[in-house]
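Listed after this line are the structures, all set down as structure tokens.
Consider the two complexes below, in which chain A is the common component and chain B and chain C are the respective partners.
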Partner chain A sequence: MSLTPASGIGRFYKQSAKIIRFVRQGCTNRPFYHIVVMERRKNQHQPVIEQVGSYDPLPNDFNERLVALNTERIRFWLGKGAHLSVPAAELLGIAGLLPIHPRTYMTAWRNRRKAADEAQAEATSS
Partner chain B sequence: MSLFRHIRSLNALQILRPGRRHLSTASLQYDQDPQPLFTDAETQSLLQSMTQLQLDKVFRKRTVPDNSTEMKFMTPDQLEKEFVQAIEKARHLLQMPPIVKVKVDTERLISKDAALKDFASTKYVFTDITYGLPQSERKVVVRESDGTLAYANLETVKRMNQLYFPLEGRKSYIPRMFTDEELLKSALDTHKYEFILDRATVQYEPYEPEFHNILSRVFEHLNESKQFDLLRSTRHFGPMAFFYAWHRCIDDLLYDMIRRDYLHNAAELIALSYKIHKIPLDYRSTLEQISALRSTPAEKALEDLRNSIQAPEERQRVGGIEQEIHLAIGKTENDFASDEICLKFIEQYIASEHALKKVQLELAIQTLKEVNLEKLQLFKGLKKAHGVNVN
Partner chain C sequence: MLRAGCQLLGQASVAKTGSNNFALEFVRWRRKPRWLPVAKSKLFRVPERKKQTEEERTELMRLHNQYKTQLRSVRQYLREEVIRYEETSTADHIVLTPEQEEAEFQRCLDENAAWNAAIAKEREIRLAKERDEKVVYVQERLEAKKLRDEERLERANARVLHEIEQSKTFITRENLDAAIETALANPVDHNFAIDMGGNLYYGRNATQFPQETTNEPPQQALSN
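And now, the complex of A and B:
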């Protein structure tokens, strides 16, 4: 895997559908994502139009997940009519850049229900 | 290789041990915002004059990878241009790190969404990496796992800035020198003041409490060991003098200046303390008189540079015997005149209630007066012997 500049080297058609999505970098058992703008029809590992951020899903020493967003370029591409993949839309929602994605609410609700169930099971067993 | 691993494990431990991350606090802290007084043009010129400009100290050999020198043949015009550039570079290297008040961290909430509780097991930190923003304007926000979105605290902002836009020389962990009391103490006891101050300047922002704490620790230690000459002609001399003037403990530094025959600096230090504490004594007229008689440090350094390349015969042809006498004595008529004014001003200070170590200072003044008198007599005698006019 060779490194390409963040400005991207991907060729694209003027009218083609663009999408803001993740590209999985990193290696086995160590995911790391680039947030990129690319043509929707392309495979994730093909050259991108532009990299607009990064996302490290594994918590660091301070127990936080780090996300970097080039908000100026993201807003530019959204204004151009770029689509959003669901994970990217969720992340931008959490960042406060877009409204919170419904799926985030679903995850939160399911996590809460699971925790409540476990607590109840523990209470009945003890 | 194992040494690196050992150091890395020590640094990793430090993150997880929050109790050991702070040094003991220094006793002297700025009680008000020192910034307006420090950045004031008059204060800056006083501090710059006190710092002096010794070129061989500014451009001394450092422990850097490349200490090579370059030899060139030049015409006198090119040489003159090179001199001016060297002075300009030295002035740039002597720029003082600013003294500003400690920034207080305020919590700024953006939104609070109870329906988002437990959406993830950890918090998310979002950094805006838009090109071309200055570090101070870069927005960093944190989404806690309970759904609150807020601006990150100063410590996180600094960590993220260092992560995405690293500053050369700044470490992403705090050097153990600044977390381990014993290491800092051993550095202080071996008088590595400039090293500590340089590293603190790189590692910390000027508004951080740790920066103020380390500066105070160093200056307090320096005031006891009295090795002020180690910082002279470095970028930390100005903040040091300002610190002593602010906390009313200039007497040791004053004694050092008088002992080394930097009387104009001593007068400037006293003037600075008068200015900071708003003591109703007229110091401006004295300063004006002194500045009329003496050249600024930069001018003096340039003059020394020009003199240093002249051959003795040429020097005699250009400046005559008068300059030869000045070089032998180390002082000119103007210097003697300004010393007179400074002495009067310093004695006025020693007699006032602001001086704490009166006996010591008086003795130093007395010794200096005798030495100066001898020099003046020699100066006049030499001039008379060579038939040069004496005023």
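And now, the complex of A and C:
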């Protein structure tokens, strides 16, 4: 079975709901995501309309998590009325294309609180 | 998770996912089928709700409202951008007046005519050249044929002359008797051996040969 081009072969209706979301590629214990535009009702492993980026969630040797975005096409599809999945919205918010997603703030303050709690626990124990 | 399927589910997913199923894997994490009941150990387990304080909830509500407003305006901007781009970028939307269309068509016609003229000129030159080449070729072939015919005629003449020359020694009805007489008068004995030096070795006396033949031919003729 031949591989399909990442630029997309997905068929779609003109009026159907599109969504920008992640498709989990990679393998067991090694996630890797394609950021794609596809019909909202479709399963993530079905052919995509277009791939607009990629996201590697595991930090590399330099402690970087690599993201590639085709902002031109993302702007186009958003202008066409494509929806956004929450992880994609968070990523685009951090990238600076969209406003920061509230969930980002939430994780941030939860992490801060957890760190503070741990520090306090350490201080009390020692 | 999609990849956690039993055999049946796996096959269905393969059919559904089409050509991209290289990313799917069904060997590991096989769960129990959906129709099996909840395990006894998990029967009375109540999953703990994530705790969310009132403060956090209100804060999130505020942030979400803000986010939605901002996203709406961004979307509005992008939509306008797309529309603007579509209007400005593509030539399909530009509507021409009939005069302009006519002028455009005329321009295309002229261009086409110019191309045709140029190509016709080239073609004329090429065809003239080809004609000349053809004439030369045919001339060559004709000369070659003339030469060939002459040669053949010569050969035939030579052969005819040779045959005429040969026919002087032919045996005809007129000189048949004379030929027989001479043949009988001069018997030739071919019963000899020959060595590398060209020496002839006669096996038997050739002089006896005519006497025997004079007696025997009538009998042989009868037997034949």
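Odds and ends about this structure:
Basically, the second predicted complex is superposed on the first by the 124 of 126 C-alpha atoms of A that agree within 3 Å, B and C clash if a C-alpha of one lies under 4 Å from a C-alpha of the other, contacts with A are read in each partner's own complex, and residues count from 1 in each chain.
In the analysis below, a contact is a pair of C-beta atoms (placed from the backbone, for glycine too) under 8 Å apart; a residue touches a chain by one contact, two chains touch by 3 or more.
Since this is a predicted model, take the numbers as computed values, not measurements.
In this superposed model built on chain A, chain B and chain C occupy separate space and fit side by side. Looking at the shared chain after the overlay, A:27 reaches chain C, while chain B stays out of its contact range. Of the two partner chains, chain B and chain C are each touched by A:105. In the superposition on chain A, A:94 contacts chain B only, with no contact to chain C.
Contacts of A:115 after superposition on the shared chain: chain B is touched, whereas chain C is not. In the superposition on chain A, A:53 contacts chain B only, with no contact to chain C. Between the C-alpha centres of chain B and chain C, as viewed from that of chain A, the superposed structures give an angle of 60°, to the nearest 10. Looking at the shared chain after the overlay, A:64 reaches chain B, while chain C stays out of its contact range. When the two complexes are overlaid on their common chain A, residue A:72 makes contact with chain B while staying clear of chain C. Of the two partner chains placed by superposition, A:15 touches none, neither chain B nor chain C. Note on the superposed arrangement: chain B and chain C approach each other to a least C-alpha distance of 12 Å.
Taken together, the two complexes place residues 100, 105 of chain A in contact with chain B and also with chain C. Residues 53, 59, 61-73, 94-96, 100, 104-105, 107-109, 111-112, 115 of chain A are the ones touching chain B in the complex. Touching chain C in their complex are the following residues of chain A: 1-4, 24-28, 43-47, 75-76, 78-81, 89, 98-102, 105-106.
Across the complex, chain A is touched by residues 12, 15-16, 110-111, 113, 115-131, 141-143, 147, 149, 160, 163-164 of chain B.
Of all residues in chain C, those touching chain A in their complex are 2, 13, 16-25, 28, 56, 60, 63-64, 66-67, 70-71, 74-75, 78-83.
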